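Take a look at the following structure, please.
Order as written gives the chain letters A, B, C and D; numbering starts at 1 within each chain.
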Amino acid sequence: MDSAIIGTWLAALLTLGIMSFLYKDNLYYKICEAIFIGISAGLWFITYFWDSLYRIAWIGVVHEGRYVLLGGVVLGVMMLMRLFGKIGWIARWPLAFIVGATAGLKMMVYFTTNAMAQIHGTVNDTMAAFGGSGLYDVVGRIVILIGTVTGLVYFYFSKEHKGLFGGVAKVGTWFLMITFGASFGYTVMSRMSLLLGRIDFLLTDWLKLVK
Amino acid sequence: MLALLRIAKLVVFISSSLFVISLLPTHSVHSQDASPSGSNLGPITVRAHDTDNDAGGSVTVEWDDPGYEKMSGFAGFLIWRTNTLTGTSDSVEVTPFGTHSYDDRSVSDDSTYSYLVAALVNSERVMSAPSMQVRSAKQWFDSRLTWVLILGLIICGAVIYFIESAKRGTKLFLRRIAGLEAIDEAVGRATEMGRPILFVAGIQDMDDVQTIAGLTILGSIARTVAEYDTKINMPVRASLVMTAARETIKHAYVTAGRPDAYNDDMVHYVTDEQFGFVAAVDGIMVRERPAACFFLGAFFAESLIMAETGNSIGAIQVAGTAMPAQLPFFVAACDYTLIGEELFAASAYLSGEPRQLGSLKGADVGKAIAMIVILVGVIATTIASAWNSESMLWIENLLRKMFSTG
Amino acid sequence: MGLIISAVVIGGGLLWILYLSIKGQDVDRRIVYLFVGATVALAIIFRLEFGEVATPIVKSVFDKIENLPAGSKIVLSYDFDPAMAPEVNPMANAFIRHILEKKHRLFFMSLWATGQSLLSVSLNDVLKPEFPDAKYGVDYCNLGYKAGNEGVLNVVITNFRKMFPSDANGNSLDSLPMFKDVESLKDMDLLISVGGGKPGVKEWVLFAGDPGKIATAGGSAAVSTPLLYPYWPRQLIGLLGGTKGAAEYEAELIKTHPRFKDKGMPALRMMGPQTMAHVVIIAFIVIGNVAYFRSRRKGKQS
Amino acid sequence: MKRQIPMLILSAVGTLLVVSVFIPSARHWQEDASLYFDIIAVFAFFLGGGNLIRVHTEKVNRKSTGWIYSVVTLLGFGIMLVTGLFKIGNPNGIAGDLSQTGSYFQLLFQYVMSPLNSTMYALLAFYVASASYRAFRAKNTEATILLVAAFVILLGRTALGVLLTNWIPAQLSVLQIPNLAIWIMNAPNLAGQRAIMIGISLGVISMSLRLLLGIERSYLGGDN
């Protein structure tokens, strides 16, 4: 028996084990889950170890002389102080570094790619899809305009959703619902193809029922 | 002394340029009969200037093509650089057809350079005159981001203004968010039933703001949990999130006056693998049967797997994410969903602290600006295209410029 | 036979669920799961295929190629990598078959380095065996891959020879008869980009089709298709989205040109089980609502 | 002190990174920050992995329910560590690429991890079905709108949608279901997406400012 045959059997048994969860939680699933957790946690640790610790930190500092990276190592070691009760508080420093960096960086990223680019896109793409002057285009433009603005009104926090403002916000929720319904409907097919891949594996590669 | 040095530099520059030209197998640009196919083309003009908005170390060379590209046998433009301080010269690059500018990134800010561009036609080189001397430099401000800065300052200014005014005691009104009111209800029900609550702060690490937003909400939930003495179970996918979540819950227990009841095991690392984590969370759900599940953070395809499993055990589920693609699944399978911005606003709401609430009012100013710009923009483009209105076109172009991000 | 078994099992099952729902009984979620699994499995075992009907956005591409006079010049660009290939490769192959069948002249190229090898696979597996009479340089040619992303388009829209001094095999373009009356992209009758990333269909529209006023069509992976919808029908004459779009094109192709029937239409075959599952989900939504309205009416009466 | 210094670090780092966006020569700070993050994350893994080992060893020691699964998890973790750290079976030895074909690490990935992963992912298909059956009911206006939008898009993606509305004349072709589906994607769907994305970015800005100003700091823990 070569390793490919053993491998296929192993893969098939694990596939069935995970699927058995759909019926109910059971011993078979629990074993697969335990294997999954153990193997994958190990896999990620190894990946981190070689990619970050060895390649970035070790090669970077020792071989390429990028001493600026030592700062990261120092912060990383501080993180480990968590293991020693008395000076465990020092682990907050790297944590503060990370939260600060995330807040600073992401604030700018979201501002440019989400806010500015979306406002820009609303004006631009509207013209791409509905740039003409026929009824179809005019309706399209009006719908985009109303949808975007009322949607933003829904997210407006500092005014009670009552009266006219409430009505506008209500229209905003309708647009959000269309968005959710449309995204749901659009993704169904690609989700099905995942299952197709697994069942195809079981029937074709493993059981060889289908040629 | 200084004048002498300058003269010396100039001499070096001129002589080296001449030297270069003499070395190249070429003919004077101005001698017309020497052009490869005898055509009557003007000289190539070259301009070199410091590359805009960069960190230095780069010069942009631009040139006009009087028509060499159209000649048969054209092979490209050769860019030739002379370091006018040292007098050394070298070829930098041969650019392909259709390119009329080049960023030379191999220069030093400490030297000055001059450039020549030669059209390569049938193994002959038609040279331009050397460009003016140029020195690369770094810029202190990226001028392309002027509007980003201005708009950013307006919005941040608004947020800070409302934080300050709230601090001084100005009363702020905020509308209710149904999903947040459900949080207390969910924790209360778990207490009554004597069952734990499950909290998942998304599947991203601490470098995603959504994870941090999830943890800030965890702070409020954990305080209620501590007061009610309910059990909380929080599996995490990233070790850093584990550390941060422990700090958060511990702090909540201390604030609630129950530091003794806190236990590190409330938060436990599972695995970094997306679906391995999901397999484990599903297992926890069906075995421990939490009465309430919170999914607050960044989620991907696993959103529906977890939410449907939670639904099958009859738990109250509150979800929140800023991943637009996953919102539909949470909306379909959970009792309450915090949509996008509501996730980030939640902790401010829950804290009830005036300064935090003030920051939300500031963000509303940003929304008002966005609405006005979109209205004006779409109306202006419509009028501009329908009636060729100059003024509307001007507005349209201004808005495009303001909101273009490079 | 397989179709009958499947129809009985699935149709009967759905009716039973409908009956249960109307009676007000809760249908266990496990029955729903079993159903989805059985549907997909049956469709795979019996290799069920359904006649797809082309949606207008696909039909317009098909009609364009179908109605162009023989000898029209069409560019087909392979702008994708192996990861995307299962979804978009069937489109490219269907285009090749259709274009050569209609005796058009086909210019292959690629803006993705990885597209080049996929292109040779298509040439060797589809074009050469199925169109042995097609002559290189007369009926088709392969310009190969050029680095430079949309910059390549910026150039070839005014001049092919500057960007491509020779084709992928090293022949100068002037030695290829089909290039005799071709100066730039503007001499083409149709541009087709098959791809799902950047550069891809969008870049072909913005940097070639639009500025040159050349008819442009595309095929793209399902995820990136919604981003391209805004360009239809003005800047894109049509678009094939995902396996579904490919299957529709294949269906249209074998309807009009039955000789391709036995060539194996991979997208159609892949679509069979997906369509089945899709229909089952639509049925579930309908049944769910029927049950809901029944129970509400009952609630009102009592 | 135990809270002030972290607060100071947080505000300083955050502010510097915001400023760095505008200064061309400071942009590399952003890359440095992400590299720091990667390095800190590895060290943090020693805490996470340690936690995993401790939790499961304790279960085994106490022979609590399901302890046998903990043995399996620990075994899996151990096997992966050994094969990965020493690159067992790797044709190119310790210097070889981690995912080199033929290495045990790669075999475990291919035959154990991959099928588990894609099967878990594939479960989505079942959950999509059960969610559609249960949740898409016309209970109120919002739910009805959601349902109708989803239904039109779903129909538009099957042959049924084409066949149902083929009779609509060309002038009104936008009402044919496939075209209607595209229109929904193009107009109302896009509008909703935009509102959500713009809202999100403003939410991130206000939350980031709360963090940088030190108004929100529950995750930094208390004074002890």
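Assume a contact is a pair of C-beta atoms (placed from the backbone, for glycine too) under 8 Å apart; a residue touches a chain by one contact, two chains touch by 3 or more.
Since the structure is predicted, the reported quantities are computational estimates derived from the model, not experimental observations.
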Chain of greatest Cα-centre distance to chain C: B
Chain pair with the greatest number of C-beta contact pairs: A-D
Centre-of-Cα separation between chain C and chain A, whole angstrom: 27
Whole-Å gap between the CA centroids of chain B and chain D: 18
Chain B and chain C, separation of their C-alpha mean positions in angstrom: 33
Residues of chain D engaged with two or more neighbouring chains: 21, 37, 40-41, 44-47, 49, 52, 113, 116, 120-121, 123-126, 128, 130, 132, 134, 136, 146-147, 150-151, 154, 157, 185-186, 189-190, 193, 196-200, 202, 204-205, 207-209, 211, 219-221, 224
Sites on chain C at which at least two other chains make contact: 29, 33, 36-37, 40, 226, 229-230, 244, 277-278, 281
Multi-chain contact residues (two or more partners), chain B: 148, 155, 206-207, 209, 212, 240, 243-244, 247, 269-271, 273, 275-276, 279, 324, 327, 329, 331-332, 339-342, 345, 360, 363, 366-367, 370
In the complex, chain A residues that touch chain D: 3, 6-8, 10-12, 14-15, 18-19, 21-22, 30-53, 56-57, 60, 68-69, 71-73, 75-77, 79-80, 82-83, 89, 92-101, 103-108, 110-111, 113-115, 118-119, 121-122, 125, 129-130, 136, 140, 143-152, 154-155, 172-189, 191-192, 194-195, 197-198, 201
Of chain B, residues touching chain D in the complex: 53-56, 138-142, 145, 148-149, 155-156, 159-160, 163, 205-207, 209, 212-213, 215-216, 219-220, 236, 238-240, 242-245, 247-248, 250-252, 254-255, 259, 265, 268-271, 273-276, 278-279, 301, 304-305, 308-309, 311, 322, 324, 327, 329, 331-333, 339-345, 347-348, 351, 353, 355-356, 359-360, 362-363, 366-367, 370
Parts of chain A lying in touch with chain C, wherever the complex brings them together: 19, 22-23, 125, 128-129, 131-132, 186, 188-190, 192-193, 195-196, 199-200, 203-204, 209-210
Complex interface listing, chain B residues touching chain C: 69, 74, 96-98, 312
Of chain C, residues touching chain A in the complex: 30, 33, 36-37, 40-41, 44-45, 47, 222-223, 226, 229-231, 234-235, 242-244, 270, 273-274, 277-278, 281
